[in-house]
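We call the chains A, B, C and D, going by the order they appear; numbering starts again at 1 in every chain.
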Amino acid sequence: MCGIFGIFGHEEAANLTYLGLHALQHRGQESAGIASSDGRGLYVHREMGLVQEVFPQAVLGRLVGSAAIGHVRYSTAGGSGIKNAQPLVVDFSMGSLAVAHNGNLTNAEGLRKELEGRGSIFQSSADTETIVHLIAISRGQTLEKRVAEALGQVEGAYSLLFLMPDRMIAVRDPLGIRPLCLGKLKKGGAPVIASESVSFDLIEAELDRELSPGEMLVMDWGGVRSYFPFRREERRECIFEHVYFSRPDTRVGKGTVYEVRRRCGEVLAREAPVEADVVVAVPDSGVPAAIGFARAAGLPFEVGLTRSHYVGRTFIEPQQTIRHFGVRLKLNPVRSTLEGRRVVVIDDSIVRGTTSRKIVKMLRDAGAREVHVRISSPPTRWPCYYGIDTPTRGELIASSHTSEQIARYLTADSLGYLTLDGLQQTVAEVTGGTTPGGFCHACFSGSYPIPFAPTPSSRQLPLLS
Amino acid sequence: MCGIFGIFGHEEAANLTYLGLHALQHRGQESAGIASSDGRGLYVHREMGLVQEVFPQAVLGRLVGSAAIGHVRYSTAGGSGIKNAQPLVVDFSMGSLAVAHNGNLTNAEGLRKELEGRGSIFQSSADTETIVHLIAISRGQTLEKRVAEALGQVEGAYSLLFLMPDRMIAVRDPLGIRPLCLGKLKKGGAPVIASESVSFDLIEAELDRELSPGEMLVMDWGGVRSYFPFRREERRECIFEHVYFSRPDTRVGKGTVYEVRRRCGEVLAREAPVEADVVVAVPDSGVPAAIGFARAAGLPFEVGLTRSHYVGRTFIEPQQTIRHFGVRLKLNPVRSTLEGRRVVVIDDSIVRGTTSRKIVKMLRDAGAREVHVRISSPPTRWPCYYGIDTPTRGELIASSHTSEQIARYLTADSLGYLTLDGLQQTVAEVTGGTTPGGFCHACFSGSYPIPFAPTPSSRQLPLLS
Amino acid sequence: MCGIFGIFGHEEAANLTYLGLHALQHRGQESAGIASSDGRGLYVHREMGLVQEVFPQAVLGRLVGSAAIGHVRYSTAGGSGIKNAQPLVVDFSMGSLAVAHNGNLTNAEGLRKELEGRGSIFQSSADTETIVHLIAISRGQTLEKRVAEALGQVEGAYSLLFLMPDRMIAVRDPLGIRPLCLGKLKKGGAPVIASESVSFDLIEAELDRELSPGEMLVMDWGGVRSYFPFRREERRECIFEHVYFSRPDTRVGKGTVYEVRRRCGEVLAREAPVEADVVVAVPDSGVPAAIGFARAAGLPFEVGLTRSHYVGRTFIEPQQTIRHFGVRLKLNPVRSTLEGRRVVVIDDSIVRGTTSRKIVKMLRDAGAREVHVRISSPPTRWPCYYGIDTPTRGELIASSHTSEQIARYLTADSLGYLTLDGLQQTVAEVTGGTTPGGFCHACFSGSYPIPFAPTPSSRQLPLLS
Amino acid sequence: MCGIFGIFGHEEAANLTYLGLHALQHRGQESAGIASSDGRGLYVHREMGLVQEVFPQAVLGRLVGSAAIGHVRYSTAGGSGIKNAQPLVVDFSMGSLAVAHNGNLTNAEGLRKELEGRGSIFQSSADTETIVHLIAISRGQTLEKRVAEALGQVEGAYSLLFLMPDRMIAVRDPLGIRPLCLGKLKKGGAPVIASESVSFDLIEAELDRELSPGEMLVMDWGGVRSYFPFRREERRECIFEHVYFSRPDTRVGKGTVYEVRRRCGEVLAREAPVEADVVVAVPDSGVPAAIGFARAAGLPFEVGLTRSHYVGRTFIEPQQTIRHFGVRLKLNPVRSTLEGRRVVVIDDSIVRGTTSRKIVKMLRDAGAREVHVRISSPPTRWPCYYGIDTPTRGELIASSHTSEQIARYLTADSLGYLTLDGLQQTVAEVTGGTTPGGFCHACFSGSYPIPFAPTPSSRQLPLLS
């Protein structure tokens, strides 16, 4: 998971990119970076840390120019470190180029070996460097042509931003797996690109539309031009963005992610009903579905668990020195909600099951008479190869256990999941445009829209530099 | 606002204090400190920053011993800086002494002048130093006697923890303005003291009881002894702790703060009803009351505003370099909840009105057809002199404007507050023990339980050292 | 060892103090601090680290006003840490007061106990706090009177600077043990005070004179006034300042420290002659004496050891994590100077003997045929109680070993020391004003000019805060 | 200027590299880096700062394995920043490769354009990346062959270290411009490579020999093998290493740099004699020549200027925020040496003349009656293109002014330089092996041994990342 943002044609390009990245901070807290252009050259700064830590005012001030792209990153196994921070900035035959990437290539290892065989050198373990090499060896006359030619060779998920001194290019992969949308500033109309529409809200831009799968937008002083350089494919948007990653206030189609999640809760209440006294959420991501579940079930929605915001997001933090205090550092029960009650607790997903098990115990210790776990997505059974850092199959509890077995492991009185049909139907209804078949749901179904190399690389990677 | 924590008789005293302070982090993010005792001497570390920043493992490891007290602090005007970080540690005639203080003395200035006249020197601007001077010049034979004699001379609000090599003392002021409670570790039974019970949840201690107003607890290897060294006064607990400061999962009497707030929302719905389509909260503190309001009003509760947790708490942060981007850095509307709807938005209080005005505008910009503001406490009209950093009277919008005038300023379609009776009644009912008259509600009523010096000091204070 | 600097009546007081402290950096590298006055209040900043690290431009800019005092500090056993960093700034009955101190009181422990008995509290382990307490409890009408009354009660060595909003006071102890001199800016004539004249060179001030033992200078907008509030005593300047601590370019009387040291080398050559081929110094402090020795002995002076300046000063650094690599991290032989030669190596003193032994071995390993150690001061046999951090008697090799025994331990072919007479005579001749009897040479002779408490305190001190 | 160090076959490879770099710290203080190998992969850490700042114990501990190379760097115009810190580590078709480079290529710009034309991308502005690209596109079967083929295409000065998991390669350019020497650990005999022999002294290794110009050493578990893959050329060692850069304790041929410099002083005294009373040095680099000058002239050598070691080396520091205080921050006169005397002051070179002018003024202000400047090298008239960061020709005062004109600018009573013949003759005599013609002295003579591209690149470089 990463977040990307770009703007072309505003004198405070770096400042607006800083704000845009701040709004995307939930998509990655490991490193942040911005590259700007003043029409002649590129300027870049990237570092480990949160956006507000990486960019004190003095640093932002050095990122001059009227175009900029930015990136926030979370770490993946083995790929942590400043070397993989983005945007990547290189010099090549056409001049200087900066790239920001959200996604994951499935044929990167093969391409890398080919490129190395041809004489290329690699200074990071990021797929992005592979894309840049392909652009550099392309014989296209324009950056657009080279980007199209390079991306024609890669497979996988990518939302990309390219910046050269005179232009910015945004591309969404042919299946549209990772999100990317276009907006424009209310004042002046400069085009902006972001992973989620929440970036636009903050900087007073308005959402124009999502990029179509396979679309390439070229922005320069002549305006914004749209191309479709790839073979058209069936849309396969990542459905897990709706379940977990995107912010609830992000707009999708004619609705919002919040609405999707609340309605998933409603459907879940019908698909997996239970006799109970109260519905609580695992905060914050479980709240919308819990509101929906409670309403559809005719049960009161209450706050049963509070969350400390002085500890980072479990799923994303690369180093957790205080993990041994367990989930209690982050979550705490509200005793008056739970005592003597039959409690339904709503979460967005179960990965390994260890956290859920601790939550059930926490609820019981606080006096809950019964604990019924309801998950607002189907069982997570398969790893993602398209840019989300999930455990291996073996670690995913649902890949090898039935719901009954999992419920027993969690010590829950019952466990219920949303069906894949229910999820797809709901997302399609809320977003309004996508047909139920238009999603990538490989993490639930194992139905991968893009084939991938079966053996992950075991190559020894250089340490942090 | 500050938070204090102490433990006596556990070999990991400093580690548990670290965790206890983490659970109290919402009470102060400016500085943190811990003093420990190994029975012979005291060890201390304090620094500006969050608990997890101030105490890396290596520092914690140096805080040896089986007793410890800790403190988290938020800044008040003019008093920021490491000099005022606590615990304060001094040597005096009885040996070494550490003190952690939550509250504010109303006769500190006068006492300070008297002490200076007597030859005392002051190295900070904190009231705590005044208390320590009074202890040092007392002729009492034991620390208990000296503490009682010293506190007999001060007026104001204080919850205090004292640590000497062989004992720990906890004191709550005679009116019980600031909270303080006693617990014990489930394993081993070591006594623990904290501003709020949430500290106990994290470290696997159980809440025993709140300290009574005017109670002094002495903890040493002989156990815990209770004294009441002061003249008994009528209990006057700060009601604003329930409205805003305490964490919702904090237990008060036989209920929780969450329950108080939710029921305040229910009462508010009856006291200030409105025709509307949806109820939303200003997160996070408005959520419980919004749930209650929605339920009592028979309206759907929805998420209408999201909150970014990558920016600190508005009311508490001393420096806000990015304040000019306004509330949008922190809050963002969920368009699908608001569009075309008549919206009730619930907040806990209105201070200056500037933030509320921006929120109303944000809701309207996101499509709300009507915006009705409901506040789950009475109008805040008077400054607090007992340890909460509030603006001067002139800055409190409700001190000089009627509700109608405020509503107009906010550009709200209507504005309603909870009545003071409603608030007192609700807190009393949920907590179970306190009669409606037992609160300090000076911020709402101007009825100050302790007189105070009218002219604040204009003394030039030394800068940060 | 510490260094102090003060200036009264220049609009860039803090900047000039910063420079003045930089020139005194050799007197202490552990912490640095500056307090300034704008006529109404005091401003202070102090931190662990070198002057240039502690005072970035932004911090200096906050230290407004036209008077300032500063301090650099090296740590003593048990007294390290920010709590003991100076200037100490307090509020007392007359207002705000800052103090910077170089020296050590010999009756501090007793005074401290008395003051504690009277009700005083101590927040540091520094003697300076004792002095401030004595000032605070004095009944004198002016700061001058209080300072005189307070210092009338202390015993030991002190060079002190006091700053209040409207005046600055400098005091040198009655024996004149620690140095202090008065200068004035060439432009404007503002008075400046410093431990050594090298501070004046840097800021374009000229040396006026050394303060007399027991002299108190009061500087305010009315000018500089001199007082002698104490009983006159025989001058007892620290002779070790000449041997080791002061910078060679520091002016003393009508000469310089360099000249003293070079002439000590000349006397040493006559007192302890040796047949040899070459004279080398242990850099940097042995260089002047080696030049003198070589000249008087008619031998060539050469560079035989180089010194890395990327490692701090051995005698002063409180933490030496890389000490195990030994003296080789700092010194390295110049083989072409040493190979096959009979080498005289000059050092200023021998403390424990361990470093000297390593140096002799290093010289031999580099090919020296003979190694003759010559020390440009007498054997160091007694600890200093007046402000220099020396080892205990037991650790001083010369306290229990003859020169022959030490030479054998060092594996030197011969060892010779300067006599105390030779040292005193030389210093007296070069400085021109002091009679041979006018020095404190207790470290060599055991003849302490001030009695001292025999049992050092074993009180447990609080850790770094 | 940079320093490089490598070791193969010792279990504490990274620790020894850390020490070796510490001994080379004078060659670059901007950044430091180490890459290690455990036989399977490479580990790397590099950062801005001094060796001891960049490598705390925890970081060193992560650099596992029994081979390592390291680098210290000083900045050149436009090339500052972490991107250019070394060792550079890349993956290419043969695996992982780390490179450390001291020197400068003269055809880098052309090679870079060619490589970009071929499709290569560049992530830094360092020549080293060009070399790595050439290795990557080589078709050689072994690293040795590829390195030889790559370096066959470059022109300029280079001392290089390459590390792959199973081998280390050291190469010195065909003219031998930059130094490089081979040693072995006294215990165990592991081979070590360093820019200067002082690295060996520190780690208890012994100097074996300097690498011959054009020599390539391959070190693996089979031992050390020597190759000469390039066409033999006439040796052209940088003579300025002797004058300024190398440490005086560095061994060159059968002598030391100290001896070279002292004898240059002796020759200078004969070539440019003067009537005077005393000889002083501009410390530290002028000291050896001043000793020699004084001896040959029969004048006393004295310390006339002291140097503060709390400020970095003028010639090397990239940012000098306090430069406006001038040379006085670093140098201070010893008045007793200068007053009323005719002074000869010895420095190693004059670059722009501004510092020398300040020194002359400083000596006069301290009372010198006459000031005679003597320079222990010829006039510096031409910029260096082989790895030393010198000003452009226009800034070199000697490129456009006669000695008389310069003397007048300096306000010196006389000015004398060493002749190029005198310098060459002296170096040849001391080192014993090199004929007078075997040096690169282009900075003095303009006789460049390698042609170079006349127009420096004006390409816009990316900012620090």
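As a convention for this text, a residue touches a chain if its C-beta (ideal position, glycine included) is under 8 Å from a C-beta of that chain, and two chains touch if they have at least 3 such contacts.
These numbers were taken from a predicted model, which means no experiment stands behind them.
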> If we look at chain A and chain B, which chains touch each of them?
Replying inline: none
> Which integer distance in Å separates the CA centroid of chain C from that of chain D?
Replying inline: 37
>> Please tell me the distance, in whole Å, between the geometric centres of chain B and chain C computed from their C-alpha atoms.
In response: 49
> Distance from the CA centroid of chain B to that of chain D, rounded to the nearest Å?
Replying inline: 61
>> Going by the contact rule already set, what residues in chain C reach two or more other chains?
In response: none
> Where do chains touch, given as pairs?
Replying inline: A-B, A-D, B-C, C-D
>> Looking at the complex, which residues from chain A come into contact with chain B?
In response: 19, 22-23, 25, 50-52, 57, 198, 201-202, 247-249, 251, 255-256, 258-259, 262, 287-288, 291, 295, 300-303, 306, 308-311, 321-322, 325, 328-329, 332-337, 430
> Touching chain D in the complex: which residues of chain A?
Replying inline: 33, 35, 40-46, 62-63, 85, 88-93, 96, 116-123, 132-133, 136-138, 165, 459-465
